[in-house]
Amino acid sequence: MYELCIFAEDKFLQQIQQSKLNIMKIRFNSDYIEGAHPAILQKLSETNTLQQPGYGTDDYCEQARTLIRQLCGMPTADVHFLVGGTQTNTTVIASILRPHQGVLCAETGHINVHETGAIEANGHKVLSLPSDNGKITAQQIEQAYSSHWNDENHEHMVQPGMVYISFPTENGTIYSRSELEAIYATCQKCELPLFVDGARLGYGLAATKNDVSLEFLAHHCDVFYIGGTKVGALFGEAVVITAEKLKKDFRYLIKQKGGMLAKGWLLGLQFLTLLENGLYFDIAKHADKMAQMIHDAFAAKGSLFLYDSPTNQQFPILKNADLEKLSEHFVSDFWCKTDATHTAVRFCTSWATRQEDVEALIKTIRNL
Amino acid sequence: MYELCIFAEDKFLQQIQQSKLNIMKIRFNSDYIEGAHPAILQKLSETNTLQQPGYGTDDYCEQARTLIRQLCGMPTADVHFLVGGTQTNTTVIASILRPHQGVLCAETGHINVHETGAIEANGHKVLSLPSDNGKITAQQIEQAYSSHWNDENHEHMVQPGMVYISFPTENGTIYSRSELEAIYATCQKCELPLFVDGARLGYGLAATKNDVSLEFLAHHCDVFYIGGTKVGALFGEAVVITAEKLKKDFRYLIKQKGGMLAKGWLLGLQFLTLLENGLYFDIAKHADKMAQMIHDAFAAKGSLFLYDSPTNQQFPILKNADLEKLSEHFVSDFWCKTDATHTAVRFCTSWATRQEDVEALIKTIRNL
Amino acid sequence: MYELCIFAEDKFLQQIQQSKLNIMKIRFNSDYIEGAHPAILQKLSETNTLQQPGYGTDDYCEQARTLIRQLCGMPTADVHFLVGGTQTNTTVIASILRPHQGVLCAETGHINVHETGAIEANGHKVLSLPSDNGKITAQQIEQAYSSHWNDENHEHMVQPGMVYISFPTENGTIYSRSELEAIYATCQKCELPLFVDGARLGYGLAATKNDVSLEFLAHHCDVFYIGGTKVGALFGEAVVITAEKLKKDFRYLIKQKGGMLAKGWLLGLQFLTLLENGLYFDIAKHADKMAQMIHDAFAAKGSLFLYDSPTNQQFPILKNADLEKLSEHFVSDFWCKTDATHTAVRFCTSWATRQEDVEALIKTIRNL
Amino acid sequence: MYELCIFAEDKFLQQIQQSKLNIMKIRFNSDYIEGAHPAILQKLSETNTLQQPGYGTDDYCEQARTLIRQLCGMPTADVHFLVGGTQTNTTVIASILRPHQGVLCAETGHINVHETGAIEANGHKVLSLPSDNGKITAQQIEQAYSSHWNDENHEHMVQPGMVYISFPTENGTIYSRSELEAIYATCQKCELPLFVDGARLGYGLAATKNDVSLEFLAHHCDVFYIGGTKVGALFGEAVVITAEKLKKDFRYLIKQKGGMLAKGWLLGLQFLTLLENGLYFDIAKHADKMAQMIHDAFAAKGSLFLYDSPTNQQFPILKNADLEKLSEHFVSDFWCKTDATHTAVRFCTSWATRQEDVEALIKTIRNL
């Protein structure tokens, strides 16, 4: 156990070491391993010395807000730009809940697992619901709600105060139109605001199997965000608040939770560039296509998959020996051991994934 | 669903209505339905007009502290008196953890289920571990610890920072000497302070099957409390801090979390009365005996039990029809439906339970 | 400095030592140095073995609620019983504010000075306003409000979200009818809920100079409490919520913040006893009269007073030599040094103060 | 008042309107109105498609860490990169304090005034000390410390747990070597970690009157940061932890508080570029020189200054008529009205300020 501790202490250095070993390999381990789409860097350069007011009061932000409202078919939505996902989740949730309320969420949800307890640090319990593919159902929400209110000791328990889902989920899966409709209808009946984490929104909307449009999404939740960090931007998430009662004083919350960028126009400029001519959707489609190619290569070799993902994350279950071979040239993300001889990993593509790298990977897969 | 809402809004009034209906029945639904042991009321009367300094700086508190240290065989322990259990759990846990840390606990633990998110409201995630009888094991703790530190993303996850167990548990079960030893050894290896919730401590220590003494307990955890509210006092919990590093500034925390009673001597006086001549242990033994009689009556009728409890809480599984019949004269606590025709309930005894009431109950059980 | 540190570490033990030295003296140092009015102990004894439902759902609480609504002329008010003052302040304020809001309050207010940062621990800044007698004015509130909203960076600042005043204040002073009217009118204009801390409410209402009735108070704030701990009860504060929008889910907050007493009927019973036949007001009037006698004795000797208090706390400024002499037989509360040769102290009376003790004190004062 | 409210609601839109009116003017209103130093954009472009590991485990971050340790003469310091100032202050302070502790700070400190209560939202009171130029003294710290520990009710008060100062302060002033030495010595005696907010650190170090070096600073506090956002970077603050006991688990805190940038190498790359060849110090010196020129022009016209600032912020007190005239072509930052006919404003320069713009301003000043 003590050895374990020492090991742990050195984890951070180890990660850096490992990074160096991986330096010559092609990375498919996440969708935030490159900078920004060149069009964004271009815009940053062009506007670098133009003086701008701070904190999102500039004209780029205003134009981006208008554009997002149009794309959402939501002329009255409030739009805010924040830096990163954890921060955005924290800010939205802290803005909505009262102290005795918690947020319903899949047990695999990012806020439940990978944000170092940021929601709890803001005072709220994450009320996790079982899920085997990252999704939850309208029925689960209704049940959680009823079960709370029907418990005679409900005042001694955390009250469900809102619902958090991701589109796509952590497992690459997406909600269908009808699933989303059912969830939103339930949320409205139960008076639970529905919040959709769209850190990878583009990859969900661009999926071939997807039947949810940006406009449909905007009309079937109370607040959501359009993820930039993982879809072409250097960083940035665009929060869209559609429910009137959730709008009040949101900028105070952004500031308090550390998400109000001094040079706020950097966010507006990036979203403007991404959304002006559909760039956001084009590059997401590219990523999904690359992911599908990887998926098909594994499938052709008879691999099973942990989740049925139509988006930029693929979760093949590989023989350990095969994984070892692949790892000589390619970096994937360890997901879990499925049995003594098999491991599930994540292959991730992004707007920046080069087709030649995918083809090199496929060739190696074929030769396994 | 809307009807559900309206129903919910009226819950509190309903509870009061229900209380009135139950007014002529004999209550076995909890262990805090009577006032205090008469010896305590006597002491309160005798000392009522004697002027005392506030906030636990009085002489009764000091005497009670000394006595508790003696009973624990822990001359250097710090002893503090708080008003109630939720408050005590919150204060101890908030005092120990840093912001990124959580508390390991059985999924059925009081802090995870029945404190309206008080731990989260203080910023910490409750890291729940599966349990089917309210207990957790040394192995589960070790596994949770290793699994955290071996996860390469551990900095994105809540770090286990301490362990919370109850003695007895919510299900009436108790840890054996060897179980407690194993848990404490693991906690020490992993540098996780061990906190024992003793809201019903007396009923655990007095159980016939129990092999853990107060002194043994005090030497096998870092902080615990001796519950008064449920074992003879009007209210009050005596926190015993045995680990040196957990002692610092604890009184600040008590004040901040609302647990520092202005008339603090009321707490010292009650614990002094309870502990001076072993009264605490005598009345707990009585309660356990009454509970055993109820247990045996149900067992004689062939009832199964949800948990194997040697303490003052018994959880028989009853035919719905039998439960209905019993409920005409006795109040028990609904626990859960086990199938369409059976219900598990809790029968609770206390220091105040009258043998004649238990005999009346047993007679009714026999006639089912 | 290091010596200072060591000194500090021993403070708690020193307090206990000091308590022992004071044991033969007559205490006027606070209003929570005796137990409860005998009528309360009597009731506790009479009802001790009657079984009651928990958490305030019992009949005594319900009767006390009805009575309080009647006394307030507020048939629709919500009434809740909590254990102590810090807890009550924390719970009410946490229930009202959103995360970016703070509470306006006199810089001397209890929540700003003597609650170990409980309000901040719940996430909110105390926005303190200058005050030289414990009171704040309608104008100060309006100014703080305007100054916030007129600041172009207001989103970077804590938003005033409610107002906290005490009746009487920490300095024994009280608000007049017209002052309270002006404050409440301003609060309503600015949409700032007004919360009145009534930990010593009885002593304020009973003051001869007072023109505010319980009913008037109830109609000129949004939430307040009737203090029991300092006015005849063993402990307990009765929160009265008059504003409709502040009522929702308050019991969840009580539970989360640790104020929901398991044996809740102990609170209802005490308030019922105190309020049924005007006992609360009679004993408060007695305390105020005793305080006035002390005041007059000091005034007759030419003493000045730090505050002009018509209630149970008096703040004479004494020559150090005189204070020393008084301290041989009487305990007062150190307030501050006013210059090298003078000290301001607090003399406090209560429902329990004996006239013979006051007369002994007055005799000593005359002989200074 | 109601009009005021409506006004307030429209503030955000007004700010945007105002921004448009200012669009043709030259801005001196803050030091974050331009993008990044061109060398940074260049580096971002060059490295844009190189795949990097996330969250600061990349090689650029590692190189920047090494460089910063060298520049600080602190081979064992921990270095972390965060996105913005509020976030950094929150994270550092939350990492250090226990729940009952607060942070000593000038009443004008950024954390006390302009972070929407972020420190309180993390549970801690800001213990403000009077200051008329943004600085506090060793004596004030010692006094606050002693006054706490000498108060017999100290457990009812927030305990001073650390000290926060800014270098330079909000008012452009800087601490001298001897002042800093005295403060740090006091902090060490009182066991109060000293945290230096260096959001504008470059401008302080580069000031001609300054006698504090980066290395000296690093050896006279426990944790500080090198501000990037306001000194040449797009965004970013480099936290340097020199005290051993403050290092543990800091990355968890960064993640929880939302400051761990997914594409962390963007931060390392920027700091590497700024610090590699002294660029950071060169551009800061330029800004200070430009500010001095503005200062001298106002001084030559007989203006007084609110603070004696040797850094990039200047606070002249102007006749209202003069200010109006200047505002036709230049944007400054309103600070306060000093009397009916005078207003203090802030003129701010930065690494990006063009000498020709300063000369245009000076010319206008001369013609007032």
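We call the chains A, B, C and D, going by the order they appear; numbering starts again at 1 in every chain.
In the analysis below, a contact is a pair of C-beta atoms (placed from the backbone, for glycine too) under 8 Å apart; a residue touches a chain by one contact, two chains touch by 3 or more.
Being a predicted model, the structure only gives us computed values, none of them experimental.
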Touching both chain A and chain D: give me those chains, sorted by label. B, C
If you take the mean of the Cα atoms for each chain, which one ends up farthest from chain C? A
C-D or B-C, whichever has more C-beta pairs in contact: B-C
Please compute the C-alpha centroid of chain A, do the same for chain C, then give the distance between them in whole Å. 50
Measuring from the mean C-alpha position of chain C to the mean C-alpha position of chain D, what distance in angstrom results? 41
Whole-Å distance, C-alpha centre of chain B to that of chain C, is 32
So chain D residues touching two or more other chains come to 12, 15, 99-100, 115-117, 121-123, 155-156, 251-253, 255-256
Residues on chain A engaged by chain B in the complex (per definition of touch): 1-2, 4-5, 7-8, 11-12, 15, 99-100, 102, 113-117, 120-126, 142, 145-146, 149-150, 152-158, 189-191, 334
Which stretch or stretches of chain C touch chain A in the complex? 55, 94-95, 98-100, 122-123, 155-156, 159, 249, 251-253, 255-256
For the chain A and chain D complex, residues of the former touching the latter: 12, 15-16, 18-20, 22-23, 26-27, 30, 32-36, 38, 41, 44-45, 47-54, 57-59, 62, 83-87, 90, 115-118, 121-122, 229-230, 234-235, 251-253, 255-263, 266, 352
